[in-house]
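Pasting the structures in now, so scroll down.
Next come two complexes built around chain A: one with chain B, the other with chain C.
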Partner chain A sequence: MKHSVNRPPTPDGAEDQGKEPTLQEIINIKLIESGEKERLMELLRERLIECGWKDEMKALCRAYIKKKGRNNVTMDDLVHLITPKGRASIPDSIKTELLQRISSFLTSAAL
Partner chain B sequence: MSSKINGNVSPQQCPHLLDFRSRNGSKPFRALQDCIRVKPPGGRAAIRREPSEVPGCGTCEESSRPRLYACVACAAVLCHSPPLHSHASTHALSNPGHEIAVDVDRAELFCCVCRDQVYDRDFDSAIVLAQSINAIATATTSTSGATAMQCNVAGSQPENLRKRRRVDYRPWAPDSREHVIIGNHSILLHDATNASLISSTELPRGLRGLNNLGNTCFMSSVLQALLHTPPLRNYFLSDRHNRYYCQQKNGAFNGTKNSILCLACDMDAMFSAVFSGDRTPYSPAKFLYSWWQHAANLASYEQQDAHEFFISVLDGIHEKVEKDKTKSRSPGSGECCIAHRVFSGILRSDVMCMACGFTSTTYDPCVDISLDLEPNQGGSGKSSSAKSHSSCNVEADCKGSNQNCGISTLKGCLERFTRAEKLGSDQKFFCQKCRVRQESLKQMSIRKLPLVSCFHIKRFEHSSIRKMSRKVDRYLQFPFSLDMAPYLSSSILRNRFGNRIFPFDGDEQDASNELSSEFELFAVVTHTGRLDAGHYVTYLRLSNQWYKCDDAWITRVNDSIVRAAQGYMMFYVQKMLYYKASEKQAAS
Partner chain C sequence: MSAPNEDNTQLSSHFFGDLLDSIIVDVASECHRIAKVGLDRNLEEEEEELRLSAQARASVADPSNSGEANNKYVVDIFGQTHPPVANEIFKCMNCGRSIAAGRFAPHLEKCMGKGRKARLKVTRSSTAAQNQYSRGSPVSTYSSYTNSTSTSRLSNGTPGFAGEEYSNGTYEGEP
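After this line comes the complex of A and B, so read on.
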């Protein structure tokens, strides 16, 4: 990145000393650093396409856009629309599979 | 938000993006260029300041937020998940000029004030180029394979891309007056009134053996397929080409030696004979004679290649069609003759210069797609002929990376067909921008699907180098239903790059292609035996039953026989035209 950019002021170190990273944070960072997160994301994408979840979400978006009109919909609207439905409709088998992968990763990373 | 520019629909730029561009010179996203990281396994582009950066929101310090954006103006990484957390929006609203950000995991531009994705050609080109270069580098090892193209359409659009308005299907039934007209002008078929009493052992209408006139199984096999190609059958049976009228028009009805040849007339005669209800085998002698006159070099009693015959027949119908000056003569538009209306599709070829990213796109019509079964040992690479009427030859590996990897499938061949291929150093392409020959990447995709797709498997190899020919007997698995959507230009390009600007013709073309991308198999021409002594047989699917057409003999067979056969040419028709009536054999 350019060095002569208008950077926002560096957050004051003192302010953040008190904040402990949550377990979720730690796990997330470990997953990213090891490259496991990227692999899991690819796996998840594949599974969600296979089971038709992606097509369902696409159809929901299309229907909404058709109703509201192409020029009256923003990406945030769509994310807001499909997030609850999307989360609710993920098949259990996929959840299980991913949880299992994460679990074995954590064991092997000796966390 | 979209508007049409030169017929292309591009998303309209939001005012904040326009503002950003105007304030930041000619290369506003230059700083991001170094931050584009493309990683296998998916080949997706991400934005990282350092290669090993774990991005997190500068305000709330969380890296596990689902959407993180980097401000393009100041590189601050902030989260955006409204309504709970959106430090990106706060940043944008309190810092004028900092409205545009980039999604760090998806490399897509976002306006934090409009709260919508925005598109920029320069940005998208940079991403696409980075992805392509990465794909080349990992091409030999990565199984996720190919690539993407920045698409600057070098030539003008193909002429037939004016959008055809879709008309909704309206069922029609004759009124009483029309009934009378129909009654007066038709010859009822023998069993028309007993339609419901047709026993299941009787053959459906239009099935009639074709006598072998001397090694003419190459002809009878293809003719059987054509006779049962739904749009072609309907055209001739509804008298759209009347052989009496046509010959009179051409002034050839005086029986002189120089009667004008019209393959369509002979085809019309054949349709009438085959669908007449007469079950005795028919001898297509007149058709053979006419075809000999058209394809003089193939006129002999030797065995010919069925595919060559097929191309030649379509060509013959095209050439001798009544020259209607109001219609376009280009095969791509499909309006020149019935042969092209039925079989002609359009292939898109993108060739991208590896040095500068400039892409040259060409569109070529083709009446079928020829697929290889195994890697070309001669090493001559892909050659896509730009002539009209010709089939497009393509190199395809079997599914998987080594030769003994399992069963070859038609889908595998199509995947190979649409995969990007590096044109070797001996095939450098002249890049218009670099003004010099450069190594390039070529990718094929289907721009417009034909009504009927014919896939030709290249089983006969003629090597002039080794002065020998051989036949490839390898089994190819083919499906009864085929969805061509993954091989369309829109899918191929979009799936590689996600939400980028591409010069498509707007969503309408897309939607119509997607609706009609499902195909059903209705005929398979198979070959058994050796190259010099072999036999062609056609399997037809009527009323969801399979029938084996072996010259004059027609028998009903099971699915499994067809699946196990050695497919040489497979004919698929668009499902929308796969009439329900043919599944029920109801008289109408």
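After this line comes the complex of A and C, so read on.
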């Protein structure tokens, strides 16, 4: 690939120099590397299917698609449709269970 | 140095939100795909079916049909005439919709009988009896069905997993 001669130098080393990875990022990496994130996702997915949350969201999508016509709907539309309702309709028991697991992972990972 | 409790809860909530967002995007993408590919009980078909069903009901209710070409009123030995489209309305046992009796057979064909769409529907609803129905068909293109069909084929000639004898030429690999 030809580069133009006057191209400004690539700002390399920006990651090493200025920004330390935030606590969030560190934990995120730990979650992923240990495989815990995957397990948590699967757990959450399973719980949400069991309690019918997924079916509710799918029904919302289908109603919207029916209204708009299937060729006029974008992924973005659906995501924006589901996100507020989805977040609000999570059963408390599921939320608590997941939060507890995440929290215990955090305390064990911080050691 | 242990993190204080408030930090912990805030972080947990953050990660929970993260997981939730991913799942929401998954669900949205699944619905989007189904809509675009037209897998989930094709909406136009459904509307067409509803329209025809309503039409059938209307033509039954309308008494002035006898003069029309497409209606043949047969008079039986008791002197009764039978309407061309059966007018009773039933609930489909598969999908739960109200269908006119005269439209019931075509509806069932779509709802239960026709290949991919109906089979997908059946596996989703996961009723054991219906699963057995759909697994009985000999030609199965889905690998998820091979577990049940392959064991029955192996039992014909080969004892256990010999691996060399193929009953139909394709080896559904079982580790």
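Brief remarks follow.
Please note the rule applied: the second predicted complex is superposed on the first by the 96 of 111 C-alpha atoms of A that agree within 3 Å, B and C clash if a C-alpha of one lies under 4 Å from a C-alpha of the other, contacts with A are read in each partner's own complex, and residues count from 1 in each chain.
What we mean here is this: contacts are C-beta pairs under 8 Å (C-beta built on N, C-alpha and C of every residue); 3 or more make two chains touch, one makes a residue touch a chain.
It should be emphasised that the depicted structure is a prediction, and the values quoted were computed from it without experimental measurement.
In the superposition on chain A, A:51 makes contact with neither chain B nor chain C. In the superposition on chain A, A:38 makes contact with chain B only, while chain C stays out of contact range. Number of chain A residues touched is higher for C, counting chain B against chain C. In the superposed model, A:24 lies in contact with both chain B and chain C. By the touch criterion defined above, A:98 reaches chain C but does not reach chain B.
When the two complexes are overlaid on their common chain A, residue A:70 makes contact with chain B and with chain C alike. On chain A, the surface touched by chain B in one complex and the surface touched by chain C in the other have residues 24, 28, 41, 45, 70-71, 74-75, 79 in common. Those residues of chain C whose C-beta lies close enough to touch chain A in the complex are 2-3, 8-9, 11-32, 35-36, 38, 40, 43.
Chain B meets chain A in the complex at residues 1-2, 31-32, 34-35, 39, 41-42, 49, 52, 54, 58-59, 61-64, 67, 73-76, 82, 91, 95, 110, 114-117. Contact residues on chain A toward chain C in their complex (touch as defined above): 23-24, 27-28, 31, 37, 40-41, 44-45, 48, 54, 57-58, 61-62, 65-66, 70-71, 73-75, 78-79, 81-83, 86-87, 90, 95, 98-99, 102-103, 106-107, 110.
Residues 1-2, 5-8, 11, 16, 19, 21, 24-25, 28-29, 32-33, 38-39, 41-42, 45, 70-71, 74-76, 79-80 of chain A are the ones that touch chain B when the two sit in their complex.
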